[in-house]
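The structure is given below, and queries will be raised subsequently.
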């Protein structure tokens, strides 16, 4: 079964590349979508394209809205949404995207270290799988897409 | 216009009571819904009702799933969802509920101190108003519900 | 049949009052919803409640977003949406609300002078009735709600 | 990410061609849809195909309904809807399409000169980006579709 | 269980009154909605309210569109739709409403003489019950609403 | 714009072939879907595949349900639904499919002789175009799909 | 929060009465809906109201379709669906209703003895709580509806 | 018409292969999706990928949730869902999937021996065809997809 998977959350580690490598290694019929993972490009996209703002709030606002075009469209096109949480940064955007995906009927896989279980219990309660490593996510996707 | 409003997020401050008091003081035709705000009751509801678990993960899982019945039903019944963020705790559940509410077509009002603007920019980008005080939320609800 | 009707568009004439009076005079089981029709209150609601802005764009943005909570919620609660167009002001918000209402499956009644037929042809093409006077709208609502 | 974009609004300037040229120049994986931009063909399509009408209202009505097949189908197939406003003509159809697109969950980009900010504030409040030039729209689409 | 039932179709016989009488006699918690059953009022509602038309097509068009406000709103508000077919008149509107109701997820009960089984097989295939008498419809509604 | 069009209704005339020929002649990017138009095959499909029935009602029921898999799936996959009415047979199935298509948000084109205007006024009121000839339908599809 | 709860499944034990008693004892703002629990009445409703059938298949078919009007309407009106499984009878209808409820976005609570865990794992995987006793269901409903 | 068909239910017989063979033999434009039919792989997928559990309940839970990603995604992508019931095992998952598919608007074909008619009457009541052999299913799919 051909799948489209959106990889949401943490952008300062290599987990997306590991999942993508696993998909390629197993030749899975899966298309991967992702947000812009260049932190500066993402933070400044609003003022870069649409012009400067004096207040930080509006600079952030313009950036986040343009990013939301990409993110919401990607979630809409996906069958499965994987969300990676770490303990660095607030990552409220990751949790927001998880909630958005669940409400849109997408299958959610959460990915995080066991230390984060308690604060992520509401997210995990809506997830179809709670993984600790990218490799586990690849195995789940393999089971979903091609297991005979 | 009669409204139903769900108050999501932070449970260790009195912001819900302030909004409820403002609604009563202005006699607004607004029904308020909320999650269970007794931290212990919420954390232990799974094992309290359905039996003990040895692993913390499953204890949390059972609790969070029962809470999700209340939370998702309340969001479904609401016209407006207010989400309060603070800098204490991870509050990923608050961001999750914000994303869920937006995907369900609810009008989102976020409520937080200006210091949190940057990490909340994705949530704020989907909000119809970004307030800093409960009193501002009451004024918005008044404008929405009864302004002539 | 009990109906909820949202009256969208023109705010500088008395058409809403005429329709409301007709509903009362005929004792129709119809609840009427409306946007805030006080021009200044509507234009300034953002800065009045949430704080000043230096740029006109953001002043307008904050106001229009708070108003949209009221407008979209009202359309969602309505069975019928009446949109009044005049030749004063651009009234793009009226046309926007008409499009929004049609996409949400609401029955649209447009109300305008015959001189505006050509520029309103796309709106009228999606309307279930094109009226020229508030009295005609009242007669349609009477037919829909109580005609034996 | 492959995108489908519908370009709504103003038909007497070359903005659609500029966006299409930018998409080609950047080799973006974007399919562009548009209304019929030949003013006469669009105005007369009803009577041309389905027979003459004596009243202008019905001539317009037949034309606008056939056009709506194209427009609503195109919006339905799109991920992003760009709406261009100018100060020539009433352009209520552009605002109608913007409202329709937003209610269908499409990401809206509005495109207009800053002079039109105030009358377009309700449209802009529902837009994910407010651009002033076609080039800015191309940059946004590039960010959404292919930014690494 | 409180129900709302829309009675669609044939307007020249007393079947609606018989069902309404049965509902009253059994004190069922059922709200009944119906189209306008005064043939002349229904045929002329467009020109009566909105002004004369020279062509029969447009006279019919204006009438049918106003009626559709009532009919589609009533179906939307209903849990069950009963459609009565007879051999008099074409009754394409009855079949149209049956298809509309089924696509909206409403439970359809068709009501007709056995002689009409073959031409109504597509309608009956989507119906949850095929009754021959109003009394049978009342018994079904009683079973659905109050049977212990 | 690539379109999928479902051709519903009358099966004893050559109108589908005329539309298909027009699509080919104009090289339109349109995929055509249709019901089974072999009357006997359609009437007997239930008993032919699933076994004999003594009662005509159940023979018809089994056939109509299998046909509905084809019809409802085809409508779901279509952007535009064309429904042809004639004065032969009851054609309640055609009107049923028209109502189903409209409720599913499909653009409806009705096709019939002017003599049938009055009994079809409810169907026509929900149609985006009312054509009298297959050639007119082809011209509309051309306008919708490829007009520059 | 006012809730509507549908109690699906097993009809030969007193679990519904126990839940209803618990709701009354705790004065919960909960409306309870249920299928017809009189086995004979349910099995024969089709032939009792609509006339005899020679084949068992059609007798069952007519009965099950009338029951489905009640069941699907009740699920549609509910916020929470409780499904009770036992080891008597096949109870495929209970599992069917569970799947239907989940797909409609209702919160599912499954209720069964631990011995049935393995064959019910797919149902439980979609449930928000897996209870073993009616009393546990009452406690969950209390938590959802009124816990402070 | 190209179709996607999901084959749900019984995994210990060769019915899926028979349908697939029939589709190939008749060269039908049909894509077939299926759950994982290796019983052990399916039962242990949770602990195999995500780590061991002491309690059978959680072992089952983790497995069933991962399987549900595959199953719900497959149903979502399908036009037609075929569900096979046998008298071995409880098969509540099959009935659950049938209910889920119907609520998602998919055409359901049930496949079972006539001996199971009575306990499956609720499932059959929502099915568009009730077949006894895989060959009958192939004939139905042929009728739906390619019959001229």
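For clarity, chains are labelled A, B, C, D, E, F, G and H in written order, and residue numbers in each chain start from 1.
By definition in this document, a contact is a pair of C-beta atoms (placed from the backbone, for glycine too) under 8 Å apart; a residue touches a chain by one contact, two chains touch by 3 or more.
Note that this is a predicted model, so its numbers are computed, not measured.
Colleague: Shared touching chains for chain B and chain H?
Modeller: A, G
Colleague: In terms of residue numbering, is the interface formed by chain E and chain F classified as same (over half shared) or different (under half shared)?
Modeller: Because over half of the interface numbers appear in both copies, chain F and chain E meet with the same residues.
Colleague: What angle of turn lays chain A on top of chain E when you fit their CA atoms, given in steps of 5 degrees?
Modeller: Copies differ by a rotation of 180 degrees.
Colleague: With chain centres taken as the means of their Cα atoms, state the distance from chain D to chain E in Å.
Modeller: Each chain reduced to its C-alpha mean, chain D and chain E end up 40 Å apart.
Colleague: Find the geometric centre of each of chain C and chain E from their Cα atoms only, then give the gap between the two centres in Å, rounded to an integer.
Modeller: 30
Colleague: Mind pulling the chain G residues that touch 2 or more other chains?
Modeller: 65, 68, 130
Colleague: Tell me, which parts of chain F touch chain H in their complex?
Modeller: Chain F residues touching chain H: 33, 36-38, 41, 45, 49-50, 62, 65-66, 68-70, 72-74, 76-77.
Colleague: Mind pulling up the chain B residues that touch chain C in the complex?
Modeller: 1, 3, 79-80, 105, 107, 109, 128-132, 136, 139-140, 143-144, 147-148
Colleague: Which residues of chain E touch chain F in their complex?
Modeller: Touching chain F: residues 56-57, 60-61, 63-65, 67-68, 71, 85, 89-104, 114, 116-126, 130 of chain E.
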